[in-house]
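Below are two complexes that have subunit A in common, paired first with subunit B and then with subunit C.
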Partner chain A sequence: MDIRAQLSMSFHMDKCIGCHTCSVSCKNVWTSRRGAEYMWWNNVETKPGAGYPLTWEDQERYRGGWEVSGGSLRLKLLKGPGKIRTLANIFFQPNLPTVDDYYEPFTYDYQNLFNAPAGDDQPTARPKSLITGEFMEKIVLGPNWDDDMAGSPLYAANDPNLKGLSESQKEMLTKFHKLFFFYLPRICNHCLNPACVASCPSGAIYKRGEDGIVLIDQDTCRAWRFCVSACPYKKPYYNWANGKSEKCIFCYPRTETGQPNACAHACTGRIRFVGALLYDADRIEDVAKTPDDRLVEAMREIVLDPNDPRVIEEARKAGIDENWLRAAQQSPAYNLFKKWRIAMPNHPEFRTVPMNFYIPPLSPILHNAKAENGGTFDPESTEFFNEIDKMRIPVRFLANMLSAGNEQVVLESLKKQMAVRIYIRQKRVGDIGDSKAKSVLSSVGLTPQDAEDIYRLTSLGTFQERFVIPETHREHMTTVDPRTMYEKRGSVGFGPKKKEFLGRTW
Partner chain B sequence: MDKVLFGAMPYVLIFTAIVGAIWRFKSNAYTWSSQSSQFLENKTLFFGSFPWHYGIITILLGHIFGIFFPSAILAWNGAPVRLYILELTALSCGFLALFGLLALIYRRLTNSRVKALTSSWDVLILIVLLIQVVTGVLNATMYRWGSNWYAGAAVPWIWSILKLNPNVDYVATLPLITKVHIFNALIFIGFIPFSRLAHFVVLNPYKYLVRPYQVVRWYKRTPQTENIVQYK
Partner chain C sequence: MDLKSCKRVFWKGLQLGLAAFLVTGAVVTVEAADQATPAPAVATAEAAPAVEAAPVPAEPGDARLGELYFTGGKRFASGAPPCISCHSASVGALGGGVLGPNLTKVYADESKNPLINSAWINNPSTPVMGTVFSNRPVSDDEVGHLRAFFAKQSQGNVAPSSTGTFTIVGIGGFIGILILFNIIWSGRYRNRNKGTAHDALWRNYGGKGGR
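Moving on to the complex of A and B:
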């Protein structure tokens, strides 16, 4: 057993209102620079939708993630000759997205509003490319181009998660009374089996042993860009101006001091939870090789119970600090993902063993759920439970997105969330009946205490309950690497060291 | 004149390359990058980058092979058929590289995104590379058989330089185009550390074939046993 610690973020999708406050705080802190304008280390997508970059979930096109081939785990990118293919394609990568798959960064010519000579027409601020500085005839793509489905199913119809849905289920894209969408906030998953790390010819990307954050050593990065192609979530980005790759750094300068990430801290809907997990690094490969239908289960197994005395003992032996153990024991990530089993990873079938978890959204039950039996829909009905497969968002769609197609995993989470609602409704309103509420709970395997805890964390959770982030012991680190943070800039994921020489910045 | 160009300048430029590379790596490794622009434009690049790199790398390896095993080349060239095979392979690689280079130059001149990112170093390098490839191809076509006198004249000169006993006589009588080719190669070496040519000297990708997929860096444990990248 090789116990390691991992920081993990969870998202309560029901509560995400798609306001993009997370994206904006992230952008302000990290990517408001030349070459990084198009990067959104944190972005929020409307689902169904094409996403950012366009159809990133389509691995037939991008060949991101891993595949099991002949019993061993292999990067999808390396089909055929294997690692040699990386070197053979180093001059030109067939699967690399270009800036047009994200969007050409632009600004507006605001000065014209002030400086335009007097004339008959109102002056306009024309869009200007931030790459070339030239005027753009037309903006064809932008961040959140298909936000809220952009008023048409044109983009949403490209969502790769729609595969396997029946025609009547796909009507949710076009029929107003069936229409539904929800938001998918995304940051780097800081995977246990990261494809970006595995694909980097320079060995520049690494996973930090202490907290599992995946960083790019930009002093070692040589702009081969394989991380961009190999990551199935398209979360490493290529800085076209500096010629270095960059990615979400999990705001480690904040988490190391116990503060939540900028995106999580700023979230107005309080949908985000950050906590520590303990896992067994010896089993990563086995988990990543698990067949699709058991993937989520295998991921839950690799996460260890932080209250198990044997785990605690092993963790201490592995050098995990006491404050990390305490944090793991109170971790919202552990509770949501493993204890209550209501959160699940995004696209586990990419086999990178992602470490961010999503609580799938409940959605209104389709009007025709009752109408097809001749009656009208009764919102007071306590039979919600039996109608769960009539929810507007098809379970199939959620399963394609969150559980490698295993609908049971999604149904379990939806039923549990519904059971908690029924239980709390009985407590607050009292119109359901105590025994019925309790039997609903036990039928999904929750105790009343669990229900109280889930309710507490997801509805009322305070700052300290949502963010249980142990401080990192930097004092240990200096024994190995005596450089200060300033000196290490460039090798820890952000920021060039600027040098002036001969009037040029090198 | 020959003494300066082929006796002294090699030392100046090689020294510049080594000191410059160390200086740049130590002072700011962040800028050490291939500066790929595939992200901005990838259609023309395909026709430029692939032929260029495969062509030029083959030729370069041939040159390097010749430095170390000149007698092997002369022996191989003993039979005319083998000589033709070698010369034709080298020439076709030269044309491949030339085609790729022209495509890359065309791309840099016409694509507005790539143009916006082009620095004066990039222009300089493209000129140096173009001169190098054109003179190389001209050498191969005009003064046959290049592979023979490369092994016979240029290689001894290179060794005289490396042995710190420069003997300019080896190259003094070569035709002008060949001299341009040789001197331009020295300029190329001198430019390496200051431009995107730096990516030419990275040795990292070769490690990729032997290292495990995953890289973990620990701050606490001893770097010797746990880290792939060792701290200074």
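Moving on to the complex of A and C:
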């Protein structure tokens, strides 16, 4: 057993209102630089929709992530064994998204509104490209171009998650009164089996042992851009101005000091939870090889119970600090993902073992749930959950997105959420009946205490409950000599020469 | 096969033809020059003693080694550029450079002959050559071999430098190879991904594209 710690973010999709406050705060903090204008380390997508970059989930097109072939795990991008394909494609990667797949970043000529000479017409602010500096004829794409366009036969209809939906379910995309959509906020998943790390020819990307954050070493990066191709979530980006790739850094300067990430801190809907997980690094490969239908289950198994004395003992041996163990025991990520089993990873079938989790959204019952009664919802129904699969958002769609197609995992989560609602309604309104509410809970395997806790965390969660982020003990964890780490401060120095510090801890 | 793909095949064929023409043209020109130029030099060199019957001045160096030094077949010990970069001496398929004077008859020229020594070549005040050879001097030994080579060459005819041919062959070959690459890897991104994702979406939709 090789226990390591991982910071993980969870998203309560029911509460996401698609306001993009997270994206904007991330952009203001990290990517408002030349060459980074088009990057959105955090972005919010409307689902169904094509996303950003367009159709990123379609790995037939981008060939990101891993696949199991002949019993071993290999990068989809490289097809064959070894690095031959890396070498063959090193100067030209056919699967690399171009800036046209993202969008051409633009600003507006605001000054013209103030400085335009007197004329017959109102002055306008024309769009201007942030790459070429030229005026743009027309803006054809943006980072949230298909925002709220649920019924779009162009964008929504091309969502790769619609695969396997029946025709009548697909029909809902275009019928106004049956329409559904929800939001998918995305950051880097800081995977346990990151494809970006595996694909980098320069070895510039690494996953930190102490908190699991995946980072690109800006000194070592040689701009081969294999991380961009290999990441199935398309979260590393290439900075065309300084010739280095960049990605979401999980706001490590903030989390190291116990503060939540900029996106999570700014979230107006309070949909985000950040906590620590303990996992067994020895089992990563086995988990990544698990067949699709058991993938989420296997991921739940690799996350270890932080209250188990044996795990605690092993973790201490592995050098995990006490405050990390305490944080792992109160971790909202652990509770949502493993204890209550209501959160699940985004596209586990990419086999990178992503470490951000999503609570699938409940949605209104379809109008035609009881078609024989004039197409309205049947309030007389005594079956608690019979409407789950009649919800507007097809379970199949959620399963394609969150559980590698395993509908049972999604149904379990939706039923649990519904049971908590029924239980709390009985407590507050009292029109359901105590025994009935309890039986609902037990039928989905929750105790009243669990229901209270879920309700507490997802509805009332305070700042301290939503963000349980342990401070990093930099004095133990750094590979930089603390005696010289401030040597280059205030200068333009490039820091210590790598070789002499490799593998040394201080 | 519809008309559109016919057109594409036609263009590809045209490009391929042009590329093949340029590359074979370049090869043929080089071969022709190869056969044309050195032949008289060699022939006359062999015939020279019979015609002129002048005693060949005793040069201690090896003319063959001198030719290698001249053409760059063998490097100067100091790493100095070979003479052929700037001079011609009726040797090699395409002659040499035209920056310096033609050295075929330099050995026979009374006024120039004494200048073929390392002291003059390496002297910083020597025009043009000084800047090159003062930093990377050639040795007496190497110049000795060169003298022997020049002595041999001075008995032959002067073949004009064909720098122009060289340039044309270079450009033609370069363009030909570029066209060849363009055909082999044409539309690699487009063929693999069928354009940008946005184009692909619009194509599915039946529209004409996002822009």
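Here is the rule we go by: the second predicted complex is superposed on the first by the 459 of 506 C-alpha atoms of A that agree within 3 Å, B and C clash if a C-alpha of one lies under 4 Å from a C-alpha of the other, contacts with A are read in each partner's own complex, and residues count from 1 in each chain.
By definition in this document, a contact is a pair of C-beta atoms (placed from the backbone, for glycine too) under 8 Å apart; a residue touches a chain by one contact, two chains touch by 3 or more.
Note that the structure is predicted; figures quoted are calculated from it, not measured.
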So, after the overlay on subunit A, do subunit B and subunit C clash or fit? They clash
- Of the two partner chains, subunit B (first) and subunit C (second), which one does A:158 touch, if any: first, second, both, or neither? second
So, A:133: does it touch subunit B (first), subunit C (second), both, or neither? first
*Using the superposition on chain A described above, determine whether A:241 touches subunit B (first), subunit C (second), both, or neither.*
first
Subunit A contact check, subunit B vs subunit C, more residues touched by chain B
Point to revise | Touched partner set for A:98, first subunit B, second subunit C, both or neither | key: both
Answer with first, second, both or neither: which of subunit B and subunit C does A:90 touch in the superposed model?
-> first
Notebook entry, point to check: After superposition on the shared chain, which partner residues are touched by A:220: those of subunit B (first), subunit C (second), both, or neither?
Noted result: first
* Asked: Is A:207 touching the first partner subunit B, the second partner subunit C, both, or neither of them?
  -> first
Subunit A residues contacting subunit B in one complex and subunit C in the other 92, 97-98
In their shared complex, subunit A is touched by residues of subunit C numbered 185, 188-189, 192-193, 196-202, 204-205, 207, 210-211
Within their complex, subunit B touches subunit A through residues 24, 27-42, 45-46, 49-50, 52-54, 112-113, 115-117, 196, 199, 202, 204-209, 211, 213-223, 226, 228-229, 231
Seen from subunit A, its contact residues with subunit C in the complex are 50, 53-55, 61, 92, 94-95, 97-98, 100-101, 137-138, 140-141, 153-155, 157-158
Subunit B partner, complex, touching residues on subunit A are 75, 83-84, 86-87, 90-93, 96-99, 129, 131-134, 193-194, 197-198, 200-210, 217-225, 228, 238, 240-244, 319, 476-477, 479-481, 483, 490, 496-497, 499, 506
